[in-house]
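In the two assemblies presented below, chain A is common to both, partnered first by chain B and then by chain C.
Let's turn to the complex of A and B:
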């Protein structure tokens, strides 16, 4: 009895002792770990400082260490600005105001996992957005005027008299970022820099783009059909020639960018790929999960499903990078962004129309969306929504019938009520924000009487008295009873369908709304198995109508001229536009085309949507770009 | 026992093969195609600049992933001139009757038939009674279809011999690519090109004359299913259609999230429902038992996506309470955390997901525990134990519960696949990049290889789990043997 008791006491004491020791142990190691992290941070800071100094010594001009406003311009660049032959001109708009502050981490969101950051083969919107921060192009549009160009990597751009030869001079103060690899392992020492960005890197990009094995570059390749030759005249001069000059070539040349040859031409241990397989090797290159650029931010971390992290490039010559870090959280559930705006976890996010309604139009007065904690704004992107009428169907072969459909469509009401006023009525085949959009044309009025008259003129009458108009076509009495395909995952589209259906019923037309899932919808549209469908086109600033409107595209399987629009006059304008370089004449031609389609109404042009964005109060100088990505945060800075 | 295990394992092989066949067939015949752009931009928007001109890249994509092959059996060695001519005429819409859908299909067919169409194409081309348009199209198609697939380029680390082979194929393909003419070409050009093709055709005659053995091999082995299984047999799940990364690597990177989540919820479920079940079986049919049962079944019937969103809006948004983080498995930047801080951070993030993932299972499991115990609580040996004068707690916990919990224990083994599989709803709503959301996205993107890999892994685990569950019966209950 006595011994048993003693044993019990002893073992209890021992257990308690172990327990206490474990706690002390954990606490101790936690403290050590903390110190270690601090130490590592300090070493990193020292390393960074050293690296920047080193860089100044190597490149011979320490000026490139300039802050968020960039460095003073090299004399050659200044001289080039006054050369009348130079296509680039000085952009007087600045990214940042002179009192902008540097520093801080900007928290943004991304709605999907980027598939990788090989700029040439990935064309997703998410990858393009990151590319805009991490990389540079030869040139770009002016910040506030998309009809003019400014230099980025290139500073001088000369187009020959016959418009076939483009010669560009590149700046010599751009350097490739340091690749994000496990440097400590020693396996990647062969990547050690610094590597200047040269004309050879642009040539390397074109080599890969024209390489058949690089399937991902095929969409881009189609713009270079007339490509004749390209070469690097020296390290910083690049020349490209086309067999026939076309206007879009100008835009494509401006959008060219270099690719780091020192990285992509080699496998993981630094051995060069054989030329026979380099295309395929490039498509699944070992560095593709990451991306390398020479832009204002460095891609420093990517965890699929979690985050993309960008760090400020302190050596970027053009500035416009106030934030030390941009941290994208990947939020695939669309309900997350408004939640995270409320908690302050996101600095900025756009809202979907339904969220805009819930949070802003119908939200509580004291919610952050209303009480001033969050600021709101909007931007226009290059898009227009439309209803396409399949002209190969009997109902819409006659333009008067199509005009009648437009008169029966209560577009303004739908924009105001269904789309919450977040858009502008559009009258022709380009977004209303297009510089060459013709504002002199009035939208088709909502006028059922007029629609009736037009239908009568087109021969659609109710001859059998069943309340639905009909017409004798090739001996058969065809009733005006058609299918309207809408994108089924969107409630707004279904509402449009239902309201339109009621209005059409009033003028004796029967419309059946069929909502469809995206893949199915595209299949139907590609196969032309539709009467009418509502969709949207998204484009860029330059006008190029061939793909959607030229008659040569009307019979192409899966072609984009899905309504079968064939019009000799339209073809003439499209072809003339392709060859016209003079901006004033381009504008005149665009207006002419706009008027023609306004009259023909192959589509009922609906509206151009604007997007709403909300951001935290401490984010300053928020304004949006005219080109994609519209929410480019380079002008923004964090206060305090 | 050993015999039984071996027998079961052998039986697993055909079962697994049958499962994989079913999954494969369903997946491949489901509507939608991989690689076709699934993203809608903004609702209903299409990019005007890249809507067309994707054909060639799509063809290469199909070739790389064997999507140009038939799913189960291949009879394309029999394709002759009539079939090819019919398809070409459909593309050109010669008789004015082929609908756009038919033309798209015809184009796709000719593309997918690849080298098998060469015989017919050469036939159409050489047949001078055909219209120039048809012959021109045949010559243009030949420049693609006659190219040899250069599959070696997907392989890493080529030997010198293979390198030479790649070079030879690339050279031969480049040669072939040049031999086409347009419909308005001169008759001389046409006949010259036709002669070139015929000469080439004769030189490569051995390629087109399929022996009986070759036909057999093509019939069974030049198919998607055979190719997939060929890779799978070498434990190669292939690469993702989406980002060309190895699928297995992607799956492994998701395990950390799913295992943490499901392991903790299984632990939680058992920790709560076992005592609860025992408690309510002792108090069978009392008011307390009924109340608990009702509450549990109410929880059981609440859908978890609703509860998840409700809790998120209530406890994370800041009005009225802001207790938990809004989403994710851990904070965005964990590089500055010590291990303890990291564990705390993860714990804080996964409390809500674990709750949402487990509350519904409480009802089922505690009912199992309750009925399991009720089964034994009135048996003779329990009465004997009571008669011996043992305290009630010892009777229940030591004598009754041990036997009553057998079904519960064996249920544990069948949870093996869910441990890995994750939960789609919870992971998507809480933004946790685990297996569930991975499967969900892969299905949306029609990433066949990824979907196959996830489903096959979890069906293999289901089979193993069932075996373990059967064996554990024998282990815990001496009355059951497999002899």
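Let's turn to the complex of A and C:
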């Protein structure tokens, strides 16, 4: 009995022992196999690196090529610079001074999660900023002169006599970055190899942009209405032709960029898409969470909610990339940046007005913002804030009602008191820093009596004595009781709403401030399901009013003329301006347009904001671009 | 055989369960005073327009006397929130209510009833009174009063300066919570005791009026989820079996989704989130705890003799559930409710803090949020302290109630 029991226990233990050993065995052999595969992959990678002679890039140290040191210019490029027909000219301003130090990691912040890095379909400011580092375009403005152009990917740009044909010669020393994929898995071997950037890639980009299936490219597409043809004459020559010449075409052609055909034309296993579906497939392409470029930095990592990491592209032929790495921490909390500036976790950040007040205006004398530990500066970007009135709603169909709204808006108080004077009152559809801005127009005064008179003229009276103005529209008595959409996560916008609401109540208008989350807000505004909304526009140096003000854009789904502004005179000026190449005449037309909008008040134009930026002392050669992204850190370098 | 001498004692008092609990509760001094504190908050909330309102009690600019104060507190253009209208109505009705209550009190005393029937009568009258107040409130809501938004203080000042005839008697503070135009983000001073917020409004007045919002949100949200929780919990506990299984699974489903996420999603769909939506939403996600509590109590009580005899007497189920078992199960539920009010107030502050509240209501969470993003300490301290006080008072009362209901804690 006793012995039988013991034996049973022993044999059970033995069985369990065997079982455990088997499991351990299987697990171990699995692990060894995996390690072996990894090792083989690494050896292969090292071999390839040796073959391509970029071992330095892999190890992170070693010798540097390209960059500011040893930038060599091909003879063709040098020759092209002296060609009088070339629109491009040599930019004597350099990104970096000759004594700049190489290396280091620059810590920046990003306020939101980018939805993806497909340059063509993502238009957010955050993605555009990354694009400026990761990608190149055909040409660009001179660093310190927005009236001159310099070559980037292209080095020679010829415009025909009739201004319809643009021929560009592309440099042959640009290569696409290596895509960020799981190379070890072997599934992406078809992406392997150096891929030069060619004219076919630019053609591919235009193919996609003109493809109606690519909805995300709609804003850009509206600039290419007169596109007649485009083609790659050879691997490095590109020609584009328009049916009628327009001023903005110059800027748009300069802003063209290639898209990697070897990547976007294929699905995840390397099979080419059918031409009929390529647009649709491109919109939700498997590589869209990442982005590929040929620029000074490589997009090497993106962790949503955590960080975007850019690595230096050692082979970039134009140089101007001193940092080894640029790390964008994603800080959705607006209050984090000043704290991280104090602790040195961020190298540079802009400050919101409230933060500027707390840290600089009311900060302690020995705070890093004042004692010299942090350096400060400011720049004017091409922006203007506004309140948009949906003219398709009964309240704002009459221009007198809109003018009344402008008179009831206490803009100067908001700028001086709430926004701390970090801005300038704006009276028309362009930033006050824009050279064509007409300074002869006085901003609408804050005058409630005048507003009341205008409202009476527009037919808004308080006929039923309930304190709210109303008007008989199509047999219905409509009360002036509307919704004002503001961005809910920002107290600045809510403050605009709160103060405006009180002033409007005094003239018998009821405004409901409805705070909304960003995605929801954009959806409402795009669908035109709003009465009024306060937002801002950012633009570039050349004036162009078609996107926002032309009547053809008013009925376009997702178009930017969200307020339904349809005015024949405005259309005439917009069209005339597009065809005008003479600067003086352009200025006159712009002033005319400015006056028209000043009178119509489709928006209540609010102000152009000045941005304040602070950075660590170790960051050198800090200056801001004239064009977007204003805080482009390519001139900066880290000392020590 | 000698007998022990019995001392003369009064016959034992007829003590109801409520009496015992109340006596126990009163022994806990902290909880007792907290209850008074809550009462004081309620009085403060109700009387806010007596302290701060932009309309004079009496107004005469040579066109006869009028009282903009009285019309203003029912004005839907001036007070956009029904919560304010309700409290204003209470304020106006304080005198008549006291008079009627006093008269009824005298009347009932004169009937010289015994304790229990008297109490039943008082309860019945209270119910009728509450019903009447509610009917008045609905009548005002359905038939809103509205008049032009007039700046009486400015007019009075302008007329006085021009030497014109004006007689006005204002409340001590001549504006209310929505008045803008002070220096943005001013620090606390003699004129603005708690400073000014980013939207150029006086913080002290906003905190004062915010008491109304917080108390209402707490009470109504809890009332909603108590109702849902009690009904579902009672059904599950009484019928057991399949009903229980279905309701239990429902509870688990609702519990498995974080409340804040549901609320954020629901609020995102609303065009104009008003505080009633927020109350409703809080009410709809928080009932699960109560339902479980009630279900447990019902399980405990279901087998007891008084229930068995009620069943034997052939009473209908609703009478057994609501008339017999529920009153015996209410103790723990009441405790949960007190804590729940505190929780709801905190949740509303969270929502406002996240920028999804009702901008027309002077909620504490909104001021707090402005303080957080602007870094102004006075905008953080004042509402933070108000929330702290209210939530602490509620929690202390809840704790006292819990101890008073627990027979083991009785001394």
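In this section, the second predicted complex is superposed on the first by the 369 of 640 C-alpha atoms of A that agree within 3 Å, B and C clash if a C-alpha of one lies under 4 Å from a C-alpha of the other, contacts with A are read in each partner's own complex, and residues count from 1 in each chain.
Following the convention adopted for this analysis, a contact is a pair of C-beta atoms (placed from the backbone, for glycine too) under 8 Å apart; a residue touches a chain by one contact, two chains touch by 3 or more.
Since the structure is predicted, the reported quantities are computational estimates derived from the model, not experimental observations.
Chemist: Comparing chain B against chain C, which has contacts with more of the residues in chain A?
Modeler: Greater contact footprint in residues on chain A: B.
Chemist: Which of the two partners, first being chain B and second being chain C, lies in contact with A:441: first, second, both, or neither?
Modeler: In the superposed model, A:441 contacts neither chain B nor chain C.
Chemist: In the overlaid three-chain picture, which partner chain does A:305 touch, first (chain B) or second (chain C), both, or neither?
Modeler: Only chain B is touched by A:305; chain C is not.
Chemist: Between chain B and chain C, whom does A:334 touch in the aligned arrangement: first, second, both, or neither?
Modeler: second
Chemist: Go through the superposed model and pick first if A:498 touches only chain B, second if only chain C, both, or neither.
Modeler: In the superposed model, A:498 contacts chain C only, not chain B.
Chemist: Just to be sure I read the superposition right, which of the two partners does A:357 touch: chain B = first, chain C = second, or both, or neither?
Modeler: Second partner only, chain C.
Chemist: Which partner does A:520 reach: the first (chain B), the second (chain C), both, or neither?
Modeler: Once the two structures are laid over each other on A, A:520 reaches both partners.
Chemist: Looking at the overlay, does A:418 come into contact with chain B only (first), chain C only (second), both, or neither?
Modeler: Touch partner of A:418: chain C, not chain B.
Chemist: In the overlaid three-chain picture, which partner chain does A:488 touch, first (chain B) or second (chain C), both, or neither?
Modeler: second
Chemist: By the touch definition at the top of the document, which applies to A:622: first (chain B), second (chain C), both, or neither?
Modeler: A:622: touches no partner chain.
Chemist: Going by the contact definition given at the top, which residues of chain A touch chain B in one complex and chain C in the other?
Modeler: In the superposed arrangement, which is not itself an observed complex, chain A uses residues 335, 489-490, 520 for both chain B and chain C.
Chemist: With touch defined as at the start, can you tell me which chain A residues reach chain C in the complex?
Modeler: So the residues of chain A in touch with chain C come to 334-335, 352, 354-355, 357-359, 417-418, 462, 465-468, 483, 488-491, 494-495, 497-499, 501-503, 505-506, 508, 510, 512-517, 520.
Chemist: Which chain C residues qualify as touching chain A in the complex?
Modeler: Per the stated touch rule, the residues are 75, 77, 146-149, 151, 178-181, 183-185, 198-201, 268, 271-273, 354-357, 359-360, 369-370, 372-376.
Chemist: State the interface residues of chain B toward chain A in the complex, per the touch definition above.
Modeler: 31-33, 36, 38-58, 60-61, 91, 93, 99-101, 103-104, 107, 153-154, 156, 158, 163, 166-167, 170, 239, 242-245, 250, 253, 309, 312-313, 316-319, 322, 326-329, 332-333, 336-341, 428-429, 431-433, 437-438, 441
Chemist: Inside the complex, what are the residues of chain A that reach chain B?
Modeler: Residues 26, 29-30, 33-34, 37, 41, 107, 112-113, 115-116, 123-125, 212-213, 215-219, 221-222, 267, 274, 276-277, 279-281, 283-284, 288-289, 304-307, 309, 327, 329-333, 335-336, 339-340, 342-343, 345, 364, 367-368, 383, 385, 487, 489-490, 492-493, 518-520, 522, 526-529, 534-540, 544, 547-548, 553, 555-560, 609.
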